[in-house]
């Protein structure tokens, strides 16, 4: 039984608390938040202690921490938790700077603590099914991957400004998914982007519509497209072409109902956003973390996966800025 | 090369003329119609003679006739053509009276001429594919068949009045399809019906919404439903359950385009009506007739299939009228 | 906050206990079972008392009971709970005998306790969506309903023998769904059935493949088909035709992945059986029960709905046995 | 009535001859081919003259020519036909060299003859429907286009060697489709490619798997992917995202049949290759040419469309060779 401390009691911290409650083999013993109210509320709901972040990390009642705080706090929390010998589950991105992630890797490897990066989409039952079937050889050697990812609507401009830009904030999930599906590291990144959804996003120095091309050493290709808007819900699709066929995962719709009238056959919109769409994925990633801790094995995605995705996001950003493909090593 | 005479130059006669033109192994040499204009027009388009029906049947330029005239003329034309030794392709229903169809069978069998009943749906590529896969054993022993058939909108009341009623006019196609898919003769028929689409249809003594249950000696079941209206196009679906699985044929839509907006995912309506939906089927049934004639083999569906469907339609009508299941032998 | 006692700690009792835990406004305070182990296990998991059924019903810690015991015990438990003034949530069927259900209605109405019959499928998000849109007038007046329901595989013969037969054990859900969707009481029932899946089922006096036709006073029609086997998962579909269009709910598949190879495009099987397929429905029906209790309003489906479905199942059984349609009043 | 001469009696010439026969307003009067047999056969089938190419172009019986000969003969035939005042329908590509196409434009514009470039996919009913709905404003301003195009299997290496390479031979259709859907000229082209399907293709200096990114001046983006292999048939899909929603055209499958078994739900492969998939498109493009000629209006796509697609294909080839995005003006 793993005792878990939750750092950050906002939306994602609450999701993870619920997942721990539904998992077997772990329990939340302590929660912490920079603000009093959310910590107190969450603690009341699940029946556990409230401490401040430092005390939580040092607490003898805590074997592992789930880090769901703002990105700029991850670095210090990871170092402190590693020093204290606590296993770490950390929300993506590990950090906005690849170099600082490299520091975190040193701290984690020095201390020998377990570390899992929260790329939740790998645990979506549909995407996990695609990956498992690729690994099982169902479509032969992977040749070309297409990833489409669209948010239902853009975040506030204030968020955009501190987000690190679309490639680091939004596409990072797709860049990790590309690695997950290609089964080989991208060596070249080419990115284009535009501000078509909202001119204010362009004025803030970011793009809201973007496309990336990745290639690997053996010549595999991945095309990613992103938009900050999709009127029909949260658009999350992958498609993988191999020597023997194709595997794709379609959107999950709100329900299975179809109507038919003069205007044709109509099905429901896609599930609205990530909390609905990835509900099962959030549960599964925590279950994986808990299972690995209880088994003493390494959970994936690792902190190195966190680093690789950040390196690709940096390269995409640079490619967009320079108009040229960027090599990644 | 088969020389074909077309009796009846209305819509269906024109469809068959086009099919003959596209087939290899046959040519239309003569056309006839009760009215001058349609015969002249069709003859001009395809470059052939116009004769009256009797002369056409006697013509040395005619090896086979396609009967596309009103149902009440079929009986005499079949007898005349059989006597003249001409092969016969006859639109459904062969006749409104099962006993008169039995007379036609005698005439046809006495003369030994080839006879094919035009149940076009058997030649729809989708339905034919389902049947071929049943026959090949893909789903094992057939257990339950569901047939849904809806016209886009009701015919004029004048047509309804002389149609013989929904079960004989419209459901006869589905009753033939049931036999085609069950692979065993129905022994019991239960029918219900209502006038829900247009009260004038009820006042004319007919129904516009109906459901039939067929059972066979070995216990196979078929459910058919019909409506004289479907706002989303011509609804033509079959579904067959067997011991090892299920086969179904969905509607053919106007195109493959799907839109996605706030209101969800929308595809086109079903193809509007029989001329579009069964275009390939019309071509294939004539090709089958021509091929069989050139090969000297019997084309199916036979005149006996025409009789069996009529017997089932009569039984459905009687079941609807009496409120009781009707045995057919 | 409603205190709930659970009678019966088998599979369905455990499902309901989980649903209560996830609902707001209720808590399980006591559980009871004829056997010691399941009650003790469930009590340990959720942290509550174990009592015997009588003591549970009399307990001051219990406001409402969830009856998930074998059908032949429902009658006495309902009477005892009604006498004790406890609200009742009762698994279907309320009883195998319509007359005994009528007795239960008297007991419930005399005591004035709330009563909800557990027709879970009404709470499936897909079916509930169809019903809501019918009620909102989206397809106009309902004309014809098609319900297809197939279990993945037959239950043991021992179960079949005491089940009351397919129409009362399995189709009762579809008969309730028919009432839910038609919006009008059926007045006539015609049933056919066969033993095609397993001859042992026929030898046990039951059928494994069946079809029913219902008609209402205004002429609406419903066709139901059932099979005890579906190789591709739990087949649960409804389709409703109205004056202005059609609404249908398709199966829920195991995932959204589609593969494409030489043999075509392949999607996953349907979710395997009722615990997966109706997971959301089980949660929603308990939420409805709790909400109604807290609001002091009547929850649906009522005990009268339980009676009507049983009356239709009896009529279907009689129709199957006599080969004739049966009137229900 | 337009009198048409067909130059080239191979597969595509025969397709066009059939389309002319099915169109109203035109008739094939003369055919020509470098080889005697195909010309004689086609002439016999449709009942027309055989001449050599020069005589055909000069013939008073010819108002318009359809050029379906090898690409390297187009240049001379276009010049001769323009000089002779004949309207021209020319297979794609107009020529392998953009500069030579510019010469052809001069010849055509000097003589004032009508000219249509045979980008058949614009006439596919599905793609045409998408374009019409974009033009009608259904999804607002176009932001991102995805085009997927895969042949069922690679052509012979001998063909590859003289094809001009995948970007000019295969992707040129998708580059034209991109222009058709974007509604704005691409200004930048980035291409990647690999030889993954067959190493012999790589040895011949070509790629068999490729991806291109196009951007327009206003920031619209198009992603294209191509493969010389698709085990599941001819993969031809487009998807267009706009401010208000999405439009996509899925593959046309061989039939509408779906089976369900333990392994899930299976539909037929995509239609095998271009002759089936674009049958309607081939008919519609000839109808458009004939209609425009009879109306005295300009048919689209024009010779300028032919040039623009070639310029983009050249740019894609150069981008692939240099590893850098290429500007097009």
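Order of writing sets the labels: A, B, C and D. Residues in every chain begin at 1.
The definition used in the following text is that a contact is a pair of C-beta atoms (placed from the backbone, for glycine too) under 8 Å apart; a residue touches a chain by one contact, two chains touch by 3 or more.
For clarity, every value in this text was computed on a predicted model and none was experimentally measured.
Student: Go through B-C and A-B and name the pair with more C-beta contacts between its chains.
Tutor: By the number of C-beta pairs in contact, the winner is B-C.
Student: Centre-to-centre on C-alpha atoms, which chain is most distant from subunit D?
Tutor: Result for the farthest chain: C.
Student: So, what's the distance in Å between the C-alpha centres of subunit C and subunit B?
Tutor: Going by mean C-alpha positions, subunit B sits 42 Å from subunit C.
Student: Just curious, how far off is subunit B from subunit A if you go by their C-alpha centres, in Å?
Tutor: 57
Student: Residues of subunit A touching 2+ other chains?
Tutor: 230-232, 244-246, 260-262, 268
Student: Considering only the defined contacts, which subunit B positions touch subunit D in the complex?
Tutor: Residue list for subunit B touching subunit D: 125-126, 129-130, 133, 138-139, 244-252, 255-262, 268.
Student: Touching residues of subunit D toward subunit A in the complex: what are they?
Tutor: 141, 143-144, 146, 148, 150, 188, 190, 192, 194-197, 209-211, 213, 215, 218-221, 223, 225, 227, 229-232, 235, 241, 243-246, 323-325
Student: Which bits of subunit D are touching subunit C when the two form their complex?
Tutor: Against subunit C, the touching part of subunit D is residues 230-232, 253, 260-270.
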